[in-house]
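You will see two complexes here that share chain A, one where it goes with chain B and one where it goes with chain C.
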Partner chain A sequence: MSNSKLYKGSLTTIILKLLNEHDKMYGYEITQKVKELTKGELKITEGALYPALHKLEAEGLLDVEVAKVDNRLRKYYKLTETGTKETVNKLEELADYIKTMQALVNPKLA
Partner chain B sequence: MKLTESQIQELYAFTRQHFVEHYDLQTELVDHLANDIETQWQKESKVSFEDAKNRAFKKFGIFGFMDAIEQKGKAMNKRYRGYLWTELKKWFEMPQIIATIALFLMFYVAFSTVYTAALALVFYVLISGWCIYKSIQLNKQFRQRKEVSNKKWMLEEMIFKQAGSTMFVFMSQLFNVYQIPERFGENASFLVLFSLAFTALTLVNYISLEVIPSKAEKLLNEAYPEFSL
Partner chain C sequence: MRLEKEDIQFIDTYLENSDVVYADIRMEMVDHVASDIENRMEAGDTRSFYEVFKTYMVENKAQLLKDNKQFLKSADKKIWKIFLKAFLSPLTLLLFLICCIGFYVLYLNSDIETFRLIISYVPLIWLSGFLLTYVVYHKVNNLKRFSVVERLAFPFLVFYQLPNLVFNFSHQTKDFKTILWIIGFVSLILTIKILLVVISINLFKSYEKRFKNIA
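And then the complex of A and B:
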């Protein structure tokens, strides 16, 4: 997915969080947004993004919408109600993880 | 600079060359490649379409579109199983449950006789004969649909072509059906299990080969907002 394996487990959380902040997004937009927010530090590869999006869609966390943009069709993803709830859980999980890691690697700050 | 219509069509052909058979996934990948190419042109306007396309494709990694194809297949299978399950549950609610119980009782009574093996074979032949007939019919329908639209949708293929897969599991059991000893009809728990198995197979085959295909348009429109575009 990215320049570091450590980010790998957080891909779904990143996608959910982004969709939580934006009403709807398409695949390419997600990769660009992550690049922009992390100033190029994290690059979601296309080979990992679409499998993750399709998995989340199958799990009922995402819904799709299609619109004609320029001369092609664009598929937008947005959170379902379950997806919104799951985002909260995933973010809590991630925060706990960061806290635990902080306690391990830098006990003074924890 | 924006991509032209013919370049979009070239991208569709490119995804097909890279084993993306279904229009739903092709469309998503075409838009992605197109966005990437247009972004490249904003930075370097002299890059050729071919070069920009290859650069965009490289970003998918050494497996290209394979991961996306695989995951999409899994996701669609999950969706299809969901439909199957929803329909199956209905047969355990009023009023369909009456038909389910009647079906079970019919198998139970038939298998309780001394002709368990012979009747099992008759039912087996009847059910699989119907399944083969329906599968051929659905396959034909699928080909006609494809000819009209010139597009192949993953879920459509599952509904019309993979529907018979439960039948093949069923058919592969012919040997076992043939091997049933006559006295098995006296074993009550065997009878219940055997009748349940036949009831379940009849229902699953009926749902996958009749009920779901009859709802194809509705399900496809639900899964693909672009289906009717």
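And then the complex of A and C:
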């Protein structure tokens, strides 16, 4: 991805959106899903992902479940009730942002 | 392609030897590294686990250790959030008032030297409280080292040292107003220390529940 800084502010929204569509996900799964959905255009590094996940967990937006999978422990993240509500807000914010940016860069389409 | 138990143990030991000492942080890293290695092997890398692991570490070790620091920062933030939430509850105010009344009654019913001696031991007693909690949960229950719990030691030490500073400035005073200030201050420190012990126990319990119920 050529300019990952543009995506940085949207990382939380991306995580919440993915978790909203899946019951629960683990860190590596999130990185792979984003890579797959964006056809490799966006690669989330663990250095960005895990702090974001822990922040969301500390804020009470995510709940954690630990399970034994393939000889190791795996930490799954899922949305809490507050997290589900926040996802709606974040997606609305992102839609507004995209609309505003569109108006700026391509007024004809806006 | 799934890694063997010995491979997972190898990754775990490698990370532990690379200063990723807390079990909760390491657990997530081990899974991430193992998942990536499995992914590479599934994608056609026919080399042995050890060779793929070596390549992975050459590419990612610096980032992983950087992540460890980020994890610790998150743990510290979590501690302060939990602490603030507990500190601002009405129960804390009640506990503080009980401590104030207790120390005031002690002041009224003992000579100044005995009173001073007792309150000077308050920080030490509650530091022992944390250590006892830690030893019971960590050693007796044989739990691993968990980040948020161990990072609590820092606020404990801060609140252990603070009263000493005040005592150094005021240890000769017999002035009633100053005594009241000391009572208020020691009560606040004691309240905070009780909160920290309660928070430690709750954190230990939540870790115990999270990790011990896994089949």
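One rule holds in what follows: the second predicted complex is superposed on the first by the 107 of 110 C-alpha atoms of A that agree within 3 Å, B and C clash if a C-alpha of one lies under 4 Å from a C-alpha of the other, contacts with A are read in each partner's own complex, and residues count from 1 in each chain.
The rule is simple: a residue touches a chain if its C-beta (ideal position, glycine included) is under 8 Å from a C-beta of that chain, and two chains touch if they have at least 3 such contacts.
Just so it is clear, the structure is predicted and the values come from calculations on it, not from any experiment.
Trainee: For the combined arrangement obtained by superposing on chain A, do chain B and chain C clash, or do they fit?
Mentor: Overlaying the two complexes on chain A (C-alpha atoms) leaves chain C and chain B clashing.
Trainee: Going by the contact rule set out at the top, does A:58 touch chain B (first), chain C (second), both, or neither?
Mentor: both
Trainee: Scan A:26 for contacts with chain B and chain C and give back first, second, both or neither.
Mentor: both
Trainee: Going by the contact rule set out at the top, does A:37 touch chain B (first), chain C (second), both, or neither?
Mentor: A:37 contacts neither chain B nor chain C.
Trainee: Report for A:47: first if it touches chain B alone, second if chain C alone, otherwise both or neither.
Mentor: After superposing on A, A:47 lies in contact with both chain B and chain C.
Trainee: Counting only touches as set out at the top, which of chain B and chain C does A:71 meet: first, second, both, neither?
Mentor: A:71 contacts both chain B and chain C.
Trainee: Would you tell me the residues on chain A in contact with chain B in one complex that are also in contact with chain C in the other?
Mentor: On chain A, the residues that contact chain B in one structure and chain C in the other are 26-29, 32, 45-47, 50-51, 54-55, 58, 64, 66, 68-75.
Trainee: Across the complex, what residues on chain A touch chain C?
Mentor: 26-29, 32, 45-47, 50-51, 54-55, 58, 64, 66-75
Trainee: Within their complex, state which residues of chain A touch chain B.
Mentor: For this pair, the touching residues of chain A are 26-29, 32, 45-48, 50-52, 54-55, 57-59, 64-66, 68-75.
Trainee: State the interface residues of chain C toward chain A in the complex, per the touch definition above.
Mentor: For this pair, the touching residues of chain C are 2-5, 7-8, 27-28, 30-32, 34-36, 38-39, 63-64, 66-67, 70-71, 73-74, 77-78, 81, 210-211, 214-215.
Trainee: Using the touch definition up top, name the residues of chain B that touch chain A in the complex.
Mentor: 2-5, 8, 27-32, 34-36, 39, 59-61, 63-64, 67-68, 70-72, 74-76, 78-79, 224-226, 229
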